[in-house]
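Note that the chains take the letters A, B, C and D in the order they are written out, and that residue 1 is the start of every chain.
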């Protein structure tokens, strides 16, 4: 099953220059709203989605996603609610979903239990930014046992050697941070990015998803031919904050 | 002339059980008021008076006299004004007057000049509480040259030996502090005081003036037979503060 | 990334990919100085000319008589430049930053002591400096903010999360992942990803080294017990490290019991069952967290102890029973502070006063031929606003109101 | 009463009769300890276990580079327990009080440092303690008042006279003449009647002894100049005494020029012609006084320098040209304080910042192969209210207003 996600991406890519992956924080602004946002996104043609299980210490997230995490927790979102949500979403919608969250959520749940419930909920994989492969034995074993994809991250500071290590540990796709820093800040798409993406491509056979600062049609267009997937993170939360849930569909449609 | 003051006191004492010496701060509450207070006091039968030249740092004075010093200075009283006052008072009134002040006033004026102007103003002597004999050579010489009395102070902590030293240096009268502390606080007239005054009497042939905390008829009566002079200091200032200048005469009359 | 700094099951380096190379570099440099015999000397030289190491070991005769038990000695980290043990760590890391060729430092701060220490170090070494501080702490420790700013640092109040120490740490990491080429994150306690717990303990071990030598000189024997307050655990690690190998010495860490352990409003992670093992802020240790792994709100009168996690090294000492952990409530701490001021003329920081309170509960039961050491991690005059509030001092309030009136005019 | 402690025409003991025996006793005890070789050792022992003597001598590399002249060293009295050189004098007198068998101490205080130091010493030695402090100073140094009270001292605001340091001294004398059997007056500076100028200088000479040794160790030669601020003169006497016999060393005392010497609103007694010789507070020296001998109002941003008189020993050094006296304005002092904080991470007290300001004016003219020492008599964090006001810090004001709001609620 580990090749399921890759196969899906390659298949889709034959029809589209670039795929879209979006990101939401579960329970922000509410569980119902989250489901509605997913529906709009899927309807608008999103190809994959990250569902973030909120955590109180989202160290790698910038202000927009950070606040969404907090609000969701304040509203009482529990990990169990996220699994319930996942089960429903994967049932209702055809696209693959990934969990995104931090180590402690998995650790407290128990790695094996987490991976098992994930698989049962139909979630294809997970992105855990504070769980590097060096700390990941239990996680990797549990994911492998359940046939879930552990998605790793390349960053502009990752060496070629380390890219190969990460590529060997991860599966499904490779998440490439377009720049340093946390989510939600501006990114300048430039020659440096091209060189870096070339390095990424050389280091792995996995499909490349590029995120961090991808926010509009222009950014997405720039990535065509350089990556397989453009990841829209903070920007959809911003759209929801500023224009309401119903603006999400049009926003996504406009990106392509 | 050095025996003039002593002679006056002895002569008066033949007619009175105890003499009264009062104290005022020059310029408090005003120069005119000071003169009026002197007039009332003399009329009421006071035998000697201390005229305090105000000083900004009256270290040995308690709150009542301290405040009077400050107020007088704030009102602009200068040392020259005090000499003028003295000249007029000694002309108008028959009783002997002493200056009371602190070393710096004499020092800045110049010891010789001060003693000279004092003598010319008809002032009989001076009490300078922060000028012990050890520091007093220039002062003693100047006073002697002008025939003015340097009045020294006995305190309850003064040893017999030191009393003799002080007695040898001073003249006119010996000022005996009735207790420790600064002017203007309560004194308990008790057996301890008697023993102390006996020591004083043994140590000097000069007339004894007892001050610090002498405030009413009863206190004055207590001192009869034990001292030659009762000194009323802060209490007259309190009377002026509380009842006005015209209360001074009756207060003094009532003491005897 | 090789050695991950584990102490039993605790520690590790749970860091975002982007910091991987930065940590490799940091570990390499840290290993470099550890293996360089001249480095420690240069560190001691800096600390004894810029700060006042060796800090004294003070015999507290009046407190000893008051309790009638073992002799009480106080290790005086309050006399350090900037007023706390934080200077040790910060100056050590400053030397490291110079070696690494970086030009900017960032730090989190809770009580403000670590922020002041870092701003001070940055001024001395000529680094740019940004300090992250929870908004709640900015308010309770304004004097420290003022001094940090005057020394040229930028202080950024953190308005996310619970707006205290842990949130400042997150925010510092967010800065770091953006600026790691130029910037070193001067973590202030023996927590966080490897090599921080080891590195901070290494610099702080100067306390224990000195204290051990001093007590042997003074008493000719080792102390029965050594007390330290435990926030992140750096001052405790600092003094404990001098005595851990000694079987006869009990190391006692005192955590913040806040309004009482039973109320849940505390910051005790090791001496209660309220905490459980988790992974956050880059390392694995006991955290005060709920079943989902969300961090709880903590409470302590001492901003510097108001933290959800604790040094992984202390967690392991706890599990192995090589150190004992106790707690003191806000109220007990205020009482200990008052007693220490009035008996010895010494003002412990509210953090440090936890160690005093912990020791006071026990010292009377020890025989007079034994001695104990209390680590006074810092001085309390930085805490005047908090202490005056805790003491409910009417004259202080009147003064502040008058001052405010002047400012309004 | 025998030896009256004269330095040229300055000094003496102009004391009320009632204190005569008390001073005899004090002089006898002081002579006793001076001639007891063990006393100095016990004093150094106390200071190195209770405070952190020897205080460090810090090389100020950044300031040195900034001015491009002689190397700047800073003698770190700020690292003393209680934060200033005042501790030296107070602890010394504390030992003396124990020898005299008295049970109560009183003191005047201006900046509050001497009050805090005395309250601290009283707590440690178990003495009752009353501190006299001008009402104006109580207001500008409230934090110090708070700590004195917490350490068990009674602080009495002096509402007479100009309500600053000199008035507090008068008031302390008034207490003393009432309670001399039980009470020792711990005068805080090298002023007042003999033996205080000599005695305070004796205890403070520990600064100069250390500094001389330290600079020889570090530089292999003596400094070209030694700078100290001059309030009453105790920290200046303390450091100068280590170098006075050395012909090549110029001792420079820096007085408070306040709003400018020309404005008359200052506290400079030796470097201007505004002062003249007089007798007050028990001794003869240069005072800021009018023609009648009434003391003038003085002004300095630093409460501890805001004093009309000056040590008779310094007056004599001035007259004999064995020391040089300069001044620094409030404004220059603030600038020197800022520069020192930002370049070195060191916060001098406002008093001490006068010494820095004085040195900064000259050091650029000295060749780089020479060195100077600045005596940092105290640390500046006690001055936060004054410094924040001088810097006109809007955030500080906002903080105070908010705090006041909380108290009103």
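The criterion applied here is as follows: a residue touches a chain if its C-beta (ideal position, glycine included) is under 8 Å from a C-beta of that chain, and two chains touch if they have at least 3 such contacts.
These numbers were taken from a predicted model, which means no experiment stands behind them.
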What chains, if any, are shared contacts of subunit B and subunit C?
D
Going by the contact rule set out at the top, which chains touch both subunit A and subunit C?
none
Please identify the chain with the largest separation between its CA centroid and the CA centroid of subunit A.
B
Computed distance of Cα centres, subunit B from subunit A, in Å:
97
Cα-centroid distance, subunit C relative to subunit D, in whole angstrom:
33
Distance between the centres, which are taken as Cα means, of subunit D and subunit A, whole angstrom
65
Chain-centre distance (mean CA atoms) for subunit B and subunit D, in whole Å, is 37
Taking the touch definition from the header, please name the shape of the chain graph: line, ring, star, complete or other.
line
All chain pairs satisfying the touch rule are A-C, B-D, C-D
Residues of subunit C that touch subunit D when the two form their complex
48-52, 55-59, 62, 76, 79, 81-83, 119-124, 126, 139, 142-143, 145-147, 149-152, 338, 341-347, 381-382, 384-385, 387-388, 391, 393, 395-397, 399-405, 407-408
Residues of subunit D touching subunit B in their complex?
1, 4, 12-18, 20-22, 160-161, 166, 170, 173-174, 177-180, 276-282, 284, 287, 289, 291-295
Which bits of subunit A are touching subunit C when the two form their complex?
55-60, 62-63, 66-67, 70, 73, 78-79, 102-105, 107-109, 129-132, 134-135, 152-159, 162, 166, 177, 180-182, 185
